[in-house]
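Notes to accompany the following structure.
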Amino acid sequence: MQISNPERAQILIEALPYIQQYHGRTVVIKYGGNAMINEELKQTVMSDIVLLEQVGIHVVLVHGGGPEISDMLKRLGKESRFVGGMRYTDEETVEVVQMVLAGKINKALVQLLSQNNVRALGLCGLDGGMIKAKKLEAEEDLGFVGDITEIDPQIIQDAIDRGYTPVISTVAGGENGEVYNINADIAAAEIAAKLGAVKLILMTDIVGLLRDRNDPSTVIPEISVSEVPLLKSQGIIQGGMIPKVDCCVEAIRRGVERANIIDGRINHSILIEMFTDEGIGTMFH
Amino acid sequence: MQISNPERAQILIEALPYIQQYHGRTVVIKYGGNAMINEELKQTVMSDIVLLEQVGIHVVLVHGGGPEISDMLKRLGKESRFVGGMRYTDEETVEVVQMVLAGKINKALVQLLSQNNVRALGLCGLDGGMIKAKKLEAEEDLGFVGDITEIDPQIIQDAIDRGYTPVISTVAGGENGEVYNINADIAAAEIAAKLGAVKLILMTDIVGLLRDRNDPSTVIPEISVSEVPLLKSQGIIQGGMIPKVDCCVEAIRRGVERANIIDGRINHSILIEMFTDEGIGTMFH
Amino acid sequence: MQISNPERAQILIEALPYIQQYHGRTVVIKYGGNAMINEELKQTVMSDIVLLEQVGIHVVLVHGGGPEISDMLKRLGKESRFVGGMRYTDEETVEVVQMVLAGKINKALVQLLSQNNVRALGLCGLDGGMIKAKKLEAEEDLGFVGDITEIDPQIIQDAIDRGYTPVISTVAGGENGEVYNINADIAAAEIAAKLGAVKLILMTDIVGLLRDRNDPSTVIPEISVSEVPLLKSQGIIQGGMIPKVDCCVEAIRRGVERANIIDGRINHSILIEMFTDEGIGTMFH
Amino acid sequence: MQISNPERAQILIEALPYIQQYHGRTVVIKYGGNAMINEELKQTVMSDIVLLEQVGIHVVLVHGGGPEISDMLKRLGKESRFVGGMRYTDEETVEVVQMVLAGKINKALVQLLSQNNVRALGLCGLDGGMIKAKKLEAEEDLGFVGDITEIDPQIIQDAIDRGYTPVISTVAGGENGEVYNINADIAAAEIAAKLGAVKLILMTDIVGLLRDRNDPSTVIPEISVSEVPLLKSQGIIQGGMIPKVDCCVEAIRRGVERANIIDGRINHSILIEMFTDEGIGTMFH
Amino acid sequence: MQISNPERAQILIEALPYIQQYHGRTVVIKYGGNAMINEELKQTVMSDIVLLEQVGIHVVLVHGGGPEISDMLKRLGKESRFVGGMRYTDEETVEVVQMVLAGKINKALVQLLSQNNVRALGLCGLDGGMIKAKKLEAEEDLGFVGDITEIDPQIIQDAIDRGYTPVISTVAGGENGEVYNINADIAAAEIAAKLGAVKLILMTDIVGLLRDRNDPSTVIPEISVSEVPLLKSQGIIQGGMIPKVDCCVEAIRRGVERANIIDGRINHSILIEMFTDEGIGTMFH
Amino acid sequence: MQISNPERAQILIEALPYIQQYHGRTVVIKYGGNAMINEELKQTVMSDIVLLEQVGIHVVLVHGGGPEISDMLKRLGKESRFVGGMRYTDEETVEVVQMVLAGKINKALVQLLSQNNVRALGLCGLDGGMIKAKKLEAEEDLGFVGDITEIDPQIIQDAIDRGYTPVISTVAGGENGEVYNINADIAAAEIAAKLGAVKLILMTDIVGLLRDRNDPSTVIPEISVSEVPLLKSQGIIQGGMIPKVDCCVEAIRRGVERANIIDGRINHSILIEMFTDEGIGTMFH
């Protein structure tokens, strides 16, 4: 790419209206999928966050951790059992989940941001009593899979106010001292709502919501939450997309201005979504 | 220019280290020459300032106003008399200078910035007793051309602290209520020093400091103030360049980190200087 | 005047209840007429303002500028055309208006106050986007005579909070970057209302509202805004008094406690109005 | 006195430089003598204080209480014994002193100021541990007459900062819980020094320092502390004046700008001293 | 008492829930009776207050002063006349009341607390215009016995905010500068209500509210204000208890969470009430 | 234990001087050994911390984690290799160390405190760039065992200022993004020094420093750091005690007022040390 300095200046200027729009506001990013595994993608996510922070946009990073949890369970000789697509989480498993999420992945992200001169603070739902949960009621017992009962965003807001970028693992505390594993998409949506965030971004491994699921060129760039029921009935929103779409709808309903499902497999997908006219993936409003 | 969204993101990322470097700091820009006359240039200057403010850099804009002053004097049937290259400034002239600078140019800039959503505040050296001056002692009498005796940066700092972008006309008050016309380059350098600015930018109509004055490709990109005496003795710094270079040297000596003579005839010259590796014009350190 | 020190002390004490009444409150003064032309009057106005500021009363000075504008237009060979008593204001004229008001008169007042140790800040309606206007709709086209559409008092309040005395020229910005000339009485009344001022003072060249317009001894010292319609129907309020009275009525209706039409031709008319039992001119409540 | 409104305004204006000089500063007034007994004088002292507070000058009122203490002792059948001009203060006496000063005189002054809309706060040297003392060492035993060992001005400053006018009784606490009676002139001087007051005023029942003690017209209006030793050696400063002069000298030496011995028998003596050219009594600098 | 260190630690731990409950809240204590006379009791009250302050509970101490007032009146040869159990208070008497309460008892308590490293501030109802009163209307004239018309808690709150422990004498100012003696129980209840206190404690010389007035073991530990009318009709609440109970009821009705009548004759009765399960005396809620 | 309420109050009062001494100060506690394993001890440590926080003492809890790390390594089939008493820490090991310390133990402590109504915040040396380290230089290679190069206490202080109790895992970041395991005693001492802590407490599994290592009754209760060299030369400080003593000496040298080696096997050892005359273990000053 050979781009002249005046062109570079022009591009910065073209990003200006978007910077102004988000300045001083909070954006909650659910970080997961390939963007957490591929080293190059990971690095572009970090630099995107650094840029957002630098131009005055507050980022709250909520992360998942699927593969590393499975990997650690395997190393411990613990077989994973799945019930209706969800991992059955016995006491030993939830301990590993907490350890890998809050001790390994979370702190590694904190260190990466730190190396990029961002003052990051790694939190989990136990810190400051942030996330409280109870056992998720499901048809089949899922063990220590939790259902959020209350979110206290104070510790996140305190961190933002003091200039830290919060990085959050989604384990939560139960009433009797037990720990629950929480779905990170749902936690991100709830945190966005509680913080009065301007935007929720779910990083995924798909192009976005497709009219024709076999044709990536049919991505729906923008959609009102009121259209969601129809799209569900038409089968356009289906399968694994349903919970993600539901998170977006819930966030919008509770006051978040925009919710996005973006393709985390693209370099700088966050910046493209936030700072260009076309954006990326599907935006709910 | 057909630049893809990922390329746009990449360019934003490449500007990041510069944004970080200047974040929360103050940059004093002396605005003058073609960049104040040509409408397209004027607009790019405005958008550069908006961008700087948006990413957390405080701009103080010090402006001149040569042609409009001459034009108004002509319309009033007042002939301009020059003494050693400087305008002889009688009482009627200094009144016109004040009126055109503080009433016309200054407020027009304020309005332009305001239309770009920047909260600008037009000041002159009389407001808050900011600039005090006495008669400049020269070989020949220059009338009400002033020599700065004291700068009180409080009103500028108050404006910055309250979120305004100060736009400054360089007329100053004398001891007995008289008004002086002040050289805007000198005033900008003194203000930069008093504010503890990180950078002083003098916008000019030249490419920069040239080793061979006939060859624009011989521009000196970077120079230490300790090399200035030699370059003067070699005749590389000469003529109209001398006072501008002296301003830069003085600013550096008094603690400003970088002082730049940039080519205001280039679109977005401010952004290019501040946000690219090569910069533009000549930088003194 | 031979007044003993104990008498002096007694007079200070008698001013005390008035000082207490206005302490920490804001008074908007429309400054115009002879008090702006006569040098002695001008000096007493300045010292009155200094005293008010010193005893803890915040002054906002809104000024007009008729004669100097006409004078400058004449010097520029521009003939003034009047339509129904108002100056037709073409583009060149509004430019001169802005220049003379914001560049000459305003900054001269700032300097005068500064010489009296008051930290003054000269503002016009363009600074901080303070006054927005549109073309005044009238029977005959008046050019760039403006009708206020919005006042944002933030920059005035910021100045007061930081200890500056705001001096305001009443030019305003239009939607497309054009500039309008605004009636200073109306602007003063609107600013008083927006600031929650305790008092609006209009300095004029008349004694006050007279029951018999040929007999200055028939001045009406105090009047409720509810009596205004009757006085209008009786012809007691008529001619040039009507717009000034309307400003006072409007200010009172929008929460200003007192509005006064005072005789600016009397030395220290502001202090007499504010700090004596009888006051001066006509007070609306 | 028939003084016209313009004359009144003029007198206010003439007080302005003095108001400016003391604005935001603290003045410590030792209140005593006739000015505490005569009802008219008392009322003018109160109104003087109200005016000072209103124009932004902080007053700290330190009071004595001689006659009321003697009166109460007499009513209790307690004979006063004097040693070298000072009252011998046994335990019962110091208890009465504390009770009369802090419970009667102090709170009565607080109430008087309160009726004049000043928020007064009555303190004694015990409150907040303000004044610590030990037994005064003298040739003859004086009982519980104290010598100040330490002044903590925090509670006075806190009161000023919160907008209260402190009224102070000069009893102090000893190391073992005993209470001492403190000379009010000395306490006022020490408090002025500790608070960084701009002025100390001692209200007395004399005209001032006289060159010829029999001729009130020979009052010395102003004197440098460096001249005091000579005046003492000449016998011009002698007798009961010596301790008062010493208080003034001590205050000046420790940074108070001006110390005054004024004639409290004159109405509004405080205002006359502070707001007129001639002042009243004798000023030390 | 031979208590081991681990036992000591255990006792501290058992006080923890109570400390947590009151932390950062205000408790108003009416101090009177034997606890003010007996030296050992007095010392334990002081140390109880020190402990409360130290663990972050704000104490406001409102004191009475019966015996010392009577004693002083007797020493002054003034006979006390009682009307329906209340002292007839002529002008001379109210002066003595003020003097003894605000000058003697109050400041002695301030000094005692000060010796325990608590920064105390002695106030009476005149300071800062805290308590306003009018003549109490009763069947027979009681002289200057006052009925509270208004309480301004600002000066108390300011003292708390600045870290002082307010000690309050309950004399109040009347409309025309007269002073009234106020019942300290009533004043304490009103102050507690105005401050939003969490608890009102009335220290008395009785065990508490007894079911059988002759049997101290029948103390009622806890009672709802709704049960009071029944207990009155049964004669269980009667005589001198009625006004104290009414104070508690009034405080609860106006938002104080708990009001207690405790036995001030027991060492550390305040701590026992606040930091043990059983408490002491009778608690109203 | 049957202790009466008055006795309870008395014990609280006796703890008062200690509470006053530490109020508003910071105490750093290194938590480790049996007190982390035994459930009853763990609970008393938690309640001790709650009490300290409640009475206004700031606690910073630095924890180790030996047995759980070994246990996890064993479960992962990773053999621990020891070099000169220290664990050789390869990359896989340090990853496990980080995960167990920051993800498991740290967050479990946070949750325990949270259940006791303390707002805890789990941090590791990576958060906010708190601890930077380089490879420890030792005779034999120890892998990723780190030597602290810099401590930035800002994130700890921010947490304290916002009312959180910081719980700290001692892993640190290296220059190139690698992670180091840090000795928790050393980290606690350095953190105490950097925070200006009043006290450092090292919880151990020994009685304290013994004159005769076989006789627990010979514990040295208090010792000056200047006596340490002699005790080392006498062999009284030897073996595993040396590094702990060195931590205490270092902390004292850098301004911590007291450093204690206490016996964590005793219930409420922290409270006993802090709130009783005898204390527990050995105190360095």
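We call the chains A, B, C, D, E and F, going by the order they appear; numbering starts again at 1 in every chain.
The working rule: contacts are C-beta pairs under 8 Å (C-beta built on N, C-alpha and C of every residue); 3 or more make two chains touch, one makes a residue touch a chain.
Bear in mind the structure is a predicted one, so any value in this text is a computation, not a measurement.
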Homomeric contact subunit A-subunit F: same or different residue positions, threshold half: same
Centroid-based (C-alpha) most distant chain relative to subunit C: F
Inter-centroid spacing, subunit B versus subunit A (mean Cα positions, whole Å): 45
Separation of subunit B from subunit C, taking each centre as the mean of its C-alpha atoms, in whole Å: 36
Rounded Å distance, subunit A centre to subunit C centre (Cα mean): 57
Shared-contact residues (touching 2 or more other chains) in subunit C: none
Category of the chain touch graph - line, ring, star, complete, other: ring
Sequence of touching chains round the ring, subunit C onward through subunit D: C, D, E, F, A, B
Subunit D to subunit C touching residues, read off their complex: 1, 3, 5-16, 19-20, 23, 44, 47-48, 50-51, 54-56, 117, 266-268, 271-272, 275-276, 278, 280
Complex interface listing, subunit C residues touching subunit B: 75-76, 95, 98-104, 106-107, 110-112, 114-115, 119-124, 126-129, 155, 158, 162, 164, 171, 173, 177, 179
